[in-house]
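Below is one structure, written out as structure tokens; comments come after it.
Chain naming follows the written order as A, B, C and D, and within any one chain the residues start at number 1.
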Amino acid sequence: MANLTLVQAINLALIQEMEDDDRVILLGQDIGINGGVFRVTEGLFQRFGADRVVDTPLAESGIIGTSIGLAMAGLRPVPEIQFEGFLGPAYDQLCSHAARMRVRTRGAFTVPLTLRVPCGGGIHAPELHSDSPEAIYAHQPGLKVVMPASPYDAKGLLISAIRDPDPVIFFEPKRIYRAFREEVPEDEYTIPLGKARIVTEGEEITMISWGASVIECMNAIEASGRSIELVDLRTIYPIDTETIVNSVKKTGRAVIVHEAPKTGGLGAEIASRIMEHCFLYLEAPIQRVAGFDTIMPYYKLEHEYLPDATRIGKAIEEITAY
Amino acid sequence: MANLTLVQAINLALIQEMEDDDRVILLGQDIGINGGVFRVTEGLFQRFGADRVVDTPLAESGIIGTSIGLAMAGLRPVPEIQFEGFLGPAYDQLCSHAARMRVRTRGAFTVPLTLRVPCGGGIHAPELHSDSPEAIYAHQPGLKVVMPASPYDAKGLLISAIRDPDPVIFFEPKRIYRAFREEVPEDEYTIPLGKARIVTEGEEITMISWGASVIECMNAIEASGRSIELVDLRTIYPIDTETIVNSVKKTGRAVIVHEAPKTGGLGAEIASRIMEHCFLYLEAPIQRVAGFDTIMPYYKLEHEYLPDATRIGKAIEEITAY
Amino acid sequence: MPVKTVFKTSIEHISILDENGKFDEKLGKGLIPDKDLVKLYEHMVTCRHFDEVAFKLQRSGRMGTYPENRGQEATSLGAAYALRKTDWLVPCYRENAGLYWHGLPMEFVLLHWMGDERGNQIPDDVKMTPLAIPIGTQMLHATGLAWAAKYRGEDTIACTFFGDGASSEGDFHEAANFAANLDIPVIFFCQNNGWAISVPTKTQCSAPTLAQRGIAFGMDCIQIDGNDIFAVVKVVREAAERARKHKRPTFIEALTYRLGDHTTADDSRRYRDEAEVEVWIQRDPMIRLRKYMTDRKLWDDQKQKVAEENAKREVSATVKRAEEIADPEIKGFFDAMYAELPEELKRQRDTMRTSSIGQDPNQIESPLHAH
Amino acid sequence: MPVKTVFKTSIEHISILDENGKFDEKLGKGLIPDKDLVKLYEHMVTCRHFDEVAFKLQRSGRMGTYPENRGQEATSLGAAYALRKTDWLVPCYRENAGLYWHGLPMEFVLLHWMGDERGNQIPDDVKMTPLAIPIGTQMLHATGLAWAAKYRGEDTIACTFFGDGASSEGDFHEAANFAANLDIPVIFFCQNNGWAISVPTKTQCSAPTLAQRGIAFGMDCIQIDGNDIFAVVKVVREAAERARKHKRPTFIEALTYRLGDHTTADDSRRYRDEAEVEVWIQRDPMIRLRKYMTDRKLWDDQKQKVAEENAKREVSATVKRAEEIADPEIKGFFDAMYAELPEELKRQRDTMRTSSIGQDPNQIESPLHAH
């Protein structure tokens, strides 16, 4: 066991998967000698060489498009896009190609790639470095979408993602890259994709979140003094409806927290599923505490945008008062 | 008044806006001498010349990116992307640039472009010619998203879109391009963006849909013999919450119908809003009748995918039985 | 030095068997053994017939939109002939002749245009990717496939086909740039057929040649007469050698022409002159090849007749296979979504005919048990 | 002819004032009047100082990430000098010198890096677009802006700046291709500073020059010493003329170097040799210009001292303006979203401090009135 940050846990997972399986290769911008702009791939170039840790030209569509080819040929590419704001140029290759290859060839070709992308706000970065686009990719059939909220989960989920035979987007909440450490086993282990984690058990409200917001939720829960069941989604798609529904059946109230804009965010899908599965259990309308329907402001105001413990606390008050 | 198809109504709107305002120019693939692959721009090249109806290179990002520049300089470009499946390469310019320009420059620059895109399934086309990506763009703050369901609306909404000072995506449901005709006034008129239309009034259920699915809803409603209020959203973003909520307050039941995959589709947002605004009025969980969470299959099976009157009819039964 | 030349280059155009059937012995000798030449021509006869039949299938409502290949047979066929069975062909949608030569069963292409994904279920031993509908996107996959081969130390290469229109897409630029800078063994084979639907090549590239696109990446570039199968074979062989030995990509611009409409949904009389088409009909790759073979006594009318009869037989058997295939599994578009289907998808699949999917069926059945 | 040359080209490299201060009279004479030269140099002194101060602001926590411009001043400044105030500059983020020359108040750039959108609220009479964070995307906007000018019959042109890294993006290709094929008056000014963060230029372009990127589009292309303001002025003037008169784009590759880290978040010692940096320090655009002016008696130590003092005064006033600006309106990021705010956004804005926005406040307040 080592006490690791999220960055270190990911680094360790990459090393171990690369040691075990030479089909695993990394490609992206500045991931080589520089070790990535967040140092997630630190030391890997030195350890595995330029054939397996490849600095590419500055072209996101190129990174994903060639990764698709690599994966179709049976490799397990792990591309990195430097920030979620630069997923845009790769959108087409991800959604029109990676996501569709298996079904459109009825399995003759598959695309076992794992795309790593830092995401989310709160690090005082320039524009397009603080977005949360997970709902976009959750709406694209054929992809899986993962977002860990802790070092332990990061390692186990990333290993699962790399081993998964289908394309996975692995979002890394950059705000908590180094925010805290956690015991992480040295050995390889997997956390199944599609299974949520109950962070704290509770009776009054079910709170559902993922990524860095999970930490805000924990703070808000603590401040509220209430018995709240916190569900960390872990996997954004497929959504673990069962865990959520079981919890809401118990609590009768649900609050969903995410950084992305509220309209069309994943909160809407989760709220709708809850309603579809346990409408008569609901004691109050489901609350979505989310980013506003605006562009994430430049960093002078980003704290105004991000749903924080205060706003979550308001939701707790509002929903219990209902 | 003339009896026009949806294609003709759009063509007429384009002609009239171009006559009125020489800031309006069209650009896209095959829109010139060929009149567009759906003949929507038929005759415009001959009428307005090569400077105002511009065949571009085959590059979607280029079409949107240059349109942004044209718009920043004060023109009113109306780009066309040939099929919604080819929006992918333009995603970044739309979402990272067009959508953000006003807010990131605090109004110093604006992007009054209107992007026309045929969308949706049901015409036996090859892959990537039958998708419904409206939820993706509704989740992107800074854009407006419109989808008419009739010739009359098409003309009035397109004129509003072109005159709107912000970027608008104008989705044209290709399945009903020529499916029926309607009286369309010769004169220019506008239909405000953000306002839904009540197609039929009713007491038992509120049914919400947009685009070609509206026609399926009408068929299902007729077949059901029930009193159902059909709301055609017309504008996907901003959503006309008020009209929806007022209707659901009356009926207590809501069914949402769309072609896009269910998970993360706009149905989720609408259902969530209904819950947020009139939870205690709901007699039954809100139904989403949607495309499956799969890739739209090739055309041999596309009718299995598209939500049709039969599936909508089931939802009517289920929700009334609840 | 205040002004110095830091780079110099030129583009050559190669033609061996010209449109009048004139053959350049120096370049062409020994390039294609007579026996193979006859086979290639016979293959073209079959493919041309296939193309006509496919067109008719569409017109009679037995198939969806179809892009005629007519007039462009020499490009992909010459390339496939010059390559190995283990090399990847990464096509667009006008390369039937090359794909069949490479081993694709003909009915796959029909199935594809009949709106059936099984037409893309490429057999394991046929090294090709499915037809690419979104323009300009497949070249990146080719680069990735070739990269994987290089990574594994194999001498497999990839050859990707695309049109003049496709060369305008950013993805083309990125694919070529990756290949050139990372030393990836891929051939970029651009079939410049003069048009991208209604848009002429000069709107895609106002430069004197499309071949010079490759100069941007420091790639070897060449222009050829794409209706001359000898020229195709020659330059693809050289490019393949360069790729295999030196891991260097090549850009080939092949000048050709689509004699038909863009697809069956198009009407090319709206945008191009009949006179232009007339000129190109004379440049048909099959006319000159037949003339050459006839001159060399490799071919005669009797052989032509036999070839045409064989073509008919083969194509009608192909159509039969395509049309007689059992209806696709309705649930097929669910089951192939993921290696393992998520719960929600299983539920949608299993209730697709029985419920609206608007609802959890359990909740519908027993809402009142709930509270 | 079986083999014929169908295209020939070459790339020239231009240098007028070389790194040793040697000046080519033939090319350089009369290019920049002495009076202007002095002003340009003084401007560089100010910008260099600004750069140092900006760096320190970041280091002391008074500003966010900042990309040093040091060493690259001659490129954008020379270009801005050669262009008209009515022309569009479409920058990346290392063009402070040119932007200030063009009229941008200096504090805008600080505000931008202080995380304040008002730094992008470009005054109406300054013809430039905001700094571009996403790499390689702004060239399309430049093409659109120039296209609009052409459409209106104005002789305004656009000049867009980008790096070696940016030239790998598909959007660059599309921008250049649109400009070349639609005859749009835009200058593509590539500042090849050797690195894209840690990735060397050869990974972006393994060709002998980056200038040849433009050959793909049949564009005039040229390579220059980007640390030589004379060369910059010369080629930008020629490109501007070509754009204004003939509506033809030009691709310029300027060889330069960033002497600092990529940004304040970067540590360039991780990936590049100190020795390489040393070489380029000698090639600093300011050293050679000062030497040249000194040789020509246009400059002396006293003038240098005055220039530096002026720079300090100006920059510290700039910092003051940036730091003293009132806090941004909290609701500013709502109000500028659309010309007219949708209802839902108004509601979110108005309740952002009072409710969770998870809920319609009306429903929260009076849920029981409902049924």
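One rule holds in what follows: a residue touches a chain if its C-beta (ideal position, glycine included) is under 8 Å from a C-beta of that chain, and two chains touch if they have at least 3 such contacts.
Since we're looking at a predicted model, the values are computed, not measured.
**Student:** Listed by label, which chains are in contact with chain A and with chain C?
**Tutor:** Output, common partners of chain A and chain C: B, D.
**Student:** Average the CA atoms of each chain to get its centre, and name the chain whose centre is farthest from that of chain A.
**Tutor:** Taking each chain's C-alpha mean as its centre, the farthest from chain A is C.
**Student:** Measuring from the mean C-alpha position of chain A to the mean C-alpha position of chain D, what distance in angstrom results?
**Tutor:** Each chain reduced to its C-alpha mean, chain A and chain D end up 34 Å apart.
**Student:** Roughly how far is chain C from chain D, going centre to centre by Cα mean, in whole Å?
**Tutor:** Using C-alpha averages as centres, the distance is 42 Å.
**Student:** With chain centres taken as the means of their Cα atoms, state the distance from chain A to chain B in Å.
**Tutor:** Whole-Å distance between the two chain centres: 30.
**Student:** Which residues of chain D are in contact with two or more other chains?
**Tutor:** Touching at least two other chains: 117, 134, 168-171, 174, 177, 181-182, 203-204, 332-333, 337, 344-345, 358-359, 363, 367.
**Student:** Of all residues in chain A, which are in touch with two or more distinct other chains?
**Tutor:** Where chain A meets two or more other chains at a single residue, that happens at 56-57, 59, 61-62, 85, 88-89, 92-93, 96, 103-104, 127-128, 141-142, 237, 239, 263, 276, 279, 284-285, 288, 292-295, 298.
**Student:** Which label fits the chain touch graph of this model best, line, ring, star, complete or other?
**Tutor:** Drawn as a graph, the chains make a fully connected set, so complete.
**Student:** Once bound in the complex, which stretches of chain A touch chain C?
**Tutor:** Those residues of chain A that touch chain C are 25, 51, 54, 56-57, 59, 61-62, 64-75, 77, 89, 92-93, 96-97, 102-110, 141-142, 144, 164-166, 194, 237-239, 241-242, 276-281.
**Student:** Going by the contact rule at the top, pick out the chain C residues touching chain A in the complex.
**Tutor:** 117-118, 120-124, 129-130, 134, 137, 140-149, 151, 158, 170-171, 174-175, 177-178, 181-182, 332-333, 336-339, 342-345, 358-360, 362-363, 367-368, 370-371
**Student:** List the residues on chain A that touch chain B in their complex, please.
**Tutor:** So the residues of chain A in touch with chain B come to 61, 85, 88-89, 91-93, 95-96, 99-100, 103-104, 127-128, 135-136, 138-139, 141-142, 237, 239, 260-261, 263-269, 271-272, 275-276, 279, 282, 284-286, 288, 292-295, 298.
**Student:** Can you check the complex and tell me which residues of chain C touch chain B?
**Tutor:** 64-65, 112-117, 133-136, 165-166, 168-171, 196-199, 203-204, 265-266, 270-271, 327-328, 330, 332-334, 337, 344-345, 348-349, 352, 355-359, 363-364, 367
**Student:** Looking at the complex, which residues from chain C come into contact with chain D?
**Tutor:** Checking each residue of chain C against chain D gives 1-16, 24, 26-27, 168-174, 177, 180-182, 202-209, 211-218, 223.
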